[in-house]
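Next come the structures, one after another.
Below, chain A partners chain B and then partners chain C, in two separate complexes.
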Partner chain A sequence: MEEKKTMDRRSFIERLGGLGLAGAAVAAFPWVEACSPAANKEVAKEKARIGMIGPGSRGYFHLENMKQIPQAEVVALCDIYEPNLQHASELYPEAKLYRDYRKMLEDPNVDCVVITTPLFCHFQMAMDAMDAGKHVFCEKAMAYNIDECYQMYMKHLETGKILFIGQQRLFDPKYLKAMAGVLAGNYGPVVNVRNYWFRNGDWRRDVPSPELERHINWRLYREYSRGLMTELACHQIQNGTWATGMLPEKVMGTGSIIYWKDGREVFDNVACIYTFPNGVNMTFESVISNAHFGMGEQILCKDAMVDLPGSRVYFEEPPRKSGIESLIAEIEEGIFSNSAFAGTSFSAENGSKDKGIAIMPEADGDGTVEIMEAFCNACITGKMPDKVLEEAYYGSVFSLLGDEALLQQKTLSLDEKYYLPTYKGRNGA
Partner chain B sequence: MPEIKFIHSTANPDAPVAYCSFTAMHTVIEVLFVHEDEQKSREISEAVRDLTAELENKLSRHIASSDLAKLNSSQEAVEVNQELYFSLELCEQFRAATRGYFDIAALSASRHRPAYETLPAEHKARRCGKEIRLDLGGYAKGFALDKVKNLLAGTYGIENALINFGNSSIAGLGHHPLGDCWPVSPAKAGSGQTFRLRDSALSISGKTAGVLEHIIDPVTGSHASKDKDIAVQGQSALVCEILSTALYAAPREMWPALLQNFAAYKVEEI
Partner chain C sequence: MKDLTITAKQIRRELILLLVCFVIAEGVNIFSMIKYETPWTEFFTQIGFVLIITAALYIILIALRVLIWLVKLIIDRCRK
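Coming up: the complex of A and B.
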C-alpha cells in the first residue's frame, strides 16, 4: 500500500512536468517548484523536524501522509485531548508528547509546527510559533478573523519564517492542469464561477461526555468557528481568485439555520455572491440538509465550462455527430443510404447533455501530500515558495468577509488596509 | 458573425462535396452540396451564414435591438423591416388557416385575438395589448430555410443540396449525387420511417427528450403534449414548420379541419 502511494507521488511530480510548467505557467503556479524534482534533490537526506499541534482527525490524516514523505520527521505531538494524543502516539511512538503547545515551542528539536486545531486557536498558535523561530503549516481557514490573518501574514514577513496554509488544491495536479487551461485563455474569458457544497448531516461528532460538547463540536459554535464559510467555502473561494486573477470587489449573501436547530450557532445553509472588478460573479452555496448536488467547483468561460473536481471540460459547442456531415464520407466512398438525424429541434438554450472531455483522467489524490511535501522542503531550504501564501491568504480573507456579509446582512468590501503590500491580485486591485 | 466549420472533399471525383455548419437561430445549421469547387463552395457557405444571421437579427425576439424585440416592448406602433412586416401579415393568414393553432402570440398572457395589427401605409405594426408577446420561434427556421434554398438554387445555381436547421427543419434540393432523392430518417430508435426528400422539406415538432414541453396550445394557453412527434413533408419548409407546430398543439379531432387547406402536405406521427 505504501509503495503504491509513493509511486503515486512520483507520478504527481512527473505529471507536473507533463503540464509543461515552464514559462508563463510557472509564473501562474510558482509554488509547485517547491515539490519539484529539483527541490526534492536539494533536500535529499535532510529532514524537517515536525511538531504537530492538534493531531485529531485532520491532523491524524496529515500524520499518515507524512509517512510517505521521506523528508518529514515527526518529533513531537501536542494535544489537550488525551485520546487524540495517544492515538497519534501509536503512529509515531518515538515522538515526544506535549499537553501545552507553548512548551513544545521551546523544544529545540522542533523545526516547524503543523497546526490542525480548531479555527479560533490558529492565530495565537501560529504567532507564538513564528515568534519562537518555528516554521508554520496551519490548516485553513487561516484565522478566525481578517485582522488576525493579516497579522499572521505580517509576522511571516517580519520573522522570515515559512508559513503555509492548508489550501491543498494549489498542489492538486488536476486543478493545476485545469487552471493552466483557464489562465491560458483556452476556454475564453471567465464569465462566472459557481461553487457549492451540499451535504446531508448534522456535522456533529460523538461526544463522550456532555461537558466536552463545545470542545469537540467546536465547528457549531460562533465562539470557535465561522461555520460553513471557513470550513468549506475557504477552498472554493480561493479557486475563484485563482481562476480570475482578481480579487473580489464586494460580497453579499444570506444565511440561516433552517433544519439543524440543535443549539448550534453557525448557519446550516448559506448563499454568497462575490463580484469581481470586471463584473464577473462568483457564487458559493452550501446546505447541509440535502446532499443531492454534492460538491461542485465550476469555472464558466465563454467557450466552455471547466469542472475542477471532476477534471472535465464541457465545450459550449461540442463536436456533434451529424447525419449530414457523415454523408461526406459516404459520398467519398460512393455510398447512397438514408441518414438518421431528423428529430425535434435542438435548442442552444437547453442545458447541455454533453458528457465533456477529461482534462486529466489519470488524476488521483487531492494535493494534500504534495502541499505537505512542499512545506517540508521549504522548511529545510528556508525558501518560501512564491505566491502560495498570498493565494491562501485571500482565500481565507474573502471567506471571512463573506461570513461578515451574512452576519451583517450587508454588501461588504475588503478594507484597503487588508490588501497585501506584496500581492494585490493580478488585477492589482 | 458565427464561425463556419467548412469541409470540401474531392475524394470522389464524380461527386466533389462541400459541407458547412455554424450556429444561428439558437441551433446548429448545416448545408451539404455537391459539384462545386472549393473556392466557390466557401463563398456559398459564407453567403448562407450571412443570410441566416441577417434573418435572425430581423426576426428574433431574443435580440434586444431587433424590430420584434422593440415591437414586444412598445405600446405604440413600431416601424418594422420588410421581412418582419411580411411575416406578421403571413402569420395572421396562417393563424386563420390553422383555426388558431398556429399562433405567434401563443406565449402571451392575453388570449385577445388578433394579437396585433399591421399598418400598411406606415409600414408599422402594433400589439393589441401590453400582455401580448410575439415569438416567431415556430416560423423563423422554416422561413429562413426556404430563403436559403432559394439562395442556393436561384443565386448560385446549386441543383443538389441538403439543408438541416437543427435536425427539425430539413430541406432537400434535387437529390443525393448517388441516388434519386435525399433519404432522411428520424434519429428516434425504432421509428422505421424514411422521408425521401426531393425538392421538398420536412419539419418535425414534438417534445425534445429531457426538456419541458415548449409548444403552447394557443387555444387553451397550456403546454401541448402528445405521445408522438409530428412530421410534415411538403414543398415549402415554412408551411411544413407551421403545420407541424399547429398539429402538435391541436387535438387530433381538429386535424382534418386544419389540413383541408394543405392537401399537398403529408403528415406522419413518429
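Coming up: the complex of A and C.
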C-alpha cells in the first residue's frame, strides 16, 4: 500500500502528461519541475540535511512525511517546548536536539531549516537562518506583517538561499490539473473566486498548566497570530491570484468575535472581498461556530465552476441527456414541481443539481510531500524553482492585507513598494 | 392441488400484448428523439430504457386485467 502511494506521488507529473497537460502544466507551473522524476534523478543519493525548528503538530506531520523522501535527512530538532522535542526525537532518535534555534543555526551539519513555529517567530528565524547560510522552508503564513514578508523575500534575493513557504496547494496534482484547465481558458474567463472555511470548534488546544495558555494557544492571540486570515485564508487567497494571474487591487472586509468569547483576541468569523484589476471579485468567508459548509475553493468561470478541493468541474450546460431521459425528466418535473399560485413574478433560482465531472479522481495527497521533496531537491542543487516563492509571497501578503482591512474597517490597497520587483502577477498587474 | 393449464392461445395472446408494449415503448423513444432532436442512434442505444418501459407497461396491463377480472367476479356474484 505504502509502495503504491509513493509510486503515485512520484509519477504525478507523468499522470498530468497522460492527461495531455504535461507541457502546459510545466509552462504554467514551472516550480513543479523541482520535484519531477528528472529532478529526483539529478539528486539521487544526495541528502538535504534538515534541522527542524518547532516540531509541534504541523512540524511532526512534516517529519513523518520526510520518512517518504529519500533525499531528506533530519539531523537536528529544536523546540523550547520539551514534550514536542521529545516526541519528535522518538521519530528521529539520531537527530541532535537543540533548545535554542540560534545554536542550531551554528551547526555545520545542518544545510537547511524547516520552520514550523507560531507565526510571530517566522520572520526572525528565517532571517537568521538565511544569514547563517541555511536554506529555509517556512510554514505559511510567511510572516506576521507585510513588511516582514517583503524583507524575507529580499533576504532570499540577497543571500541566494532557497526560501520555500508551505503553500502545498501549489504542488497538489488535483489543483495543478484544475488550474491548468482554468488557465488554458477551457471553462471560459474567470468571473468570480469563492473561498470559504467553516468549522465548529473553539480552535483551542489542551493546556497542561495555565501559564502555557498563550504559548500553546498562540493562534488565539494577536501578539502571535493574525487568526483566520493567516491560518486559513492564505491558502485560498493564493488560489485566487493563481487562477486569475492577477493581484488584487483592493480588499475590504469585516470580522468580529460572535461566539467564542473566551478571552481570545482574534476574530472567530470574518468575511473579505478582494477585487482584481479587471473587476473580478474574490471572497473569503470563515466561521468557526458552524461547520455546515466545510471548506470550499471555487473558481467560477463563464462556462463552468471548478471545485478545487473536490476536483470536479460543473459545466453551466451539462452534457445533453438522451431524448428519452429528457422526456422522463420533464414528466417527473411536471409531477413533482410546485405549481405557482401567484403568477410568475417570482420563482426560486435553485442551484444546479448537476453532479459534475471528476477532474483528477485518481489523485491522492495534498501536495505536502511534494513541496517538501521539491524543497530538498532545491537545497541540494541550489536552484530556486521559478515563481514558487512569488506565488506564496502574494498569498501571505494579501491575507495580511485582508486582516488589516478587517481591523481598520477600510478598503485597502497594497502599497506599491511591496510589489515584488521580479513578479507583479502574470498579467503584470 | 389443481393443475393449471396454459393454452397455446393464451401464450400467443400474452406475447402479442408484450409486443404491443414494446412497440409503444419504442414509439415513446422515437417521439422523444424527435422532440429533443437527439441522434437517431438512440433508437438502439436507449434500448435499456425501452425495455424498462415495456416491462412497466406490461405490469400496468396485468394490473388492469386483474382489476377488470375482480370487478366482473363481484358483479357475477351479486347477480347470483
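Here, the second predicted complex is superposed on the first by the 383 of 429 C-alpha atoms of A that agree within 3 Å, B and C clash if a C-alpha of one lies under 4 Å from a C-alpha of the other, contacts with A are read in each partner's own complex, and residues count from 1 in each chain.
Here is the rule we go by: a residue touches a chain if its C-beta (ideal position, glycine included) is under 8 Å from a C-beta of that chain, and two chains touch if they have at least 3 such contacts.
The structure displayed is predicted, hence computed values, not measured ones.
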### Query
Who wins on chain A residues touched, chain B or chain C?
B
### Partner chain in contact with A:Ile335 - chain B first, chain C second, else both or neither
first
### Query
First (chain B), second (chain C), both or neither: which does A:Ser326 touch?
second
### Query
Which partner does A:Glu106 reach: the first (chain B), the second (chain C), both, or neither?
neither
### Message
On the A-aligned overlay, A:Asp262 touches which partner chain: chain B = first, chain C = second, or both, or neither?
### Response
neither
### Message
Once chain A of both complexes is superposed, is A:Glu82 in touch with chain B (first), chain C (second), both, or neither?
### Response
neither
### Footprint overlap on chain A, where chain B in one structure and chain C in the other make contact
320, 322-325, 327-328
#### Entry: Residues of chain A touching chain C in the complex
320, 322-328
### Message
Please output the residues of chain A touching chain B within their complex, sorted ascending.
### Response
317, 320, 322-325, 327-328, 331-350, 353
## Note on the structure
chain B residues touching chain A in their complex are 7, 9, 11-12, 14-15, 17, 19, 21, 23, 26-28, 30-32, 34, 141, 162, 164, 166-170, 176-179, 182-188, 194-195, 202, 204-208, 210-211, 214, 229, 231
## Note on the structure
In their shared complex, chain A is touched by residues of chain C numbered 28-29, 31-38, 42, 45-46, 49-50
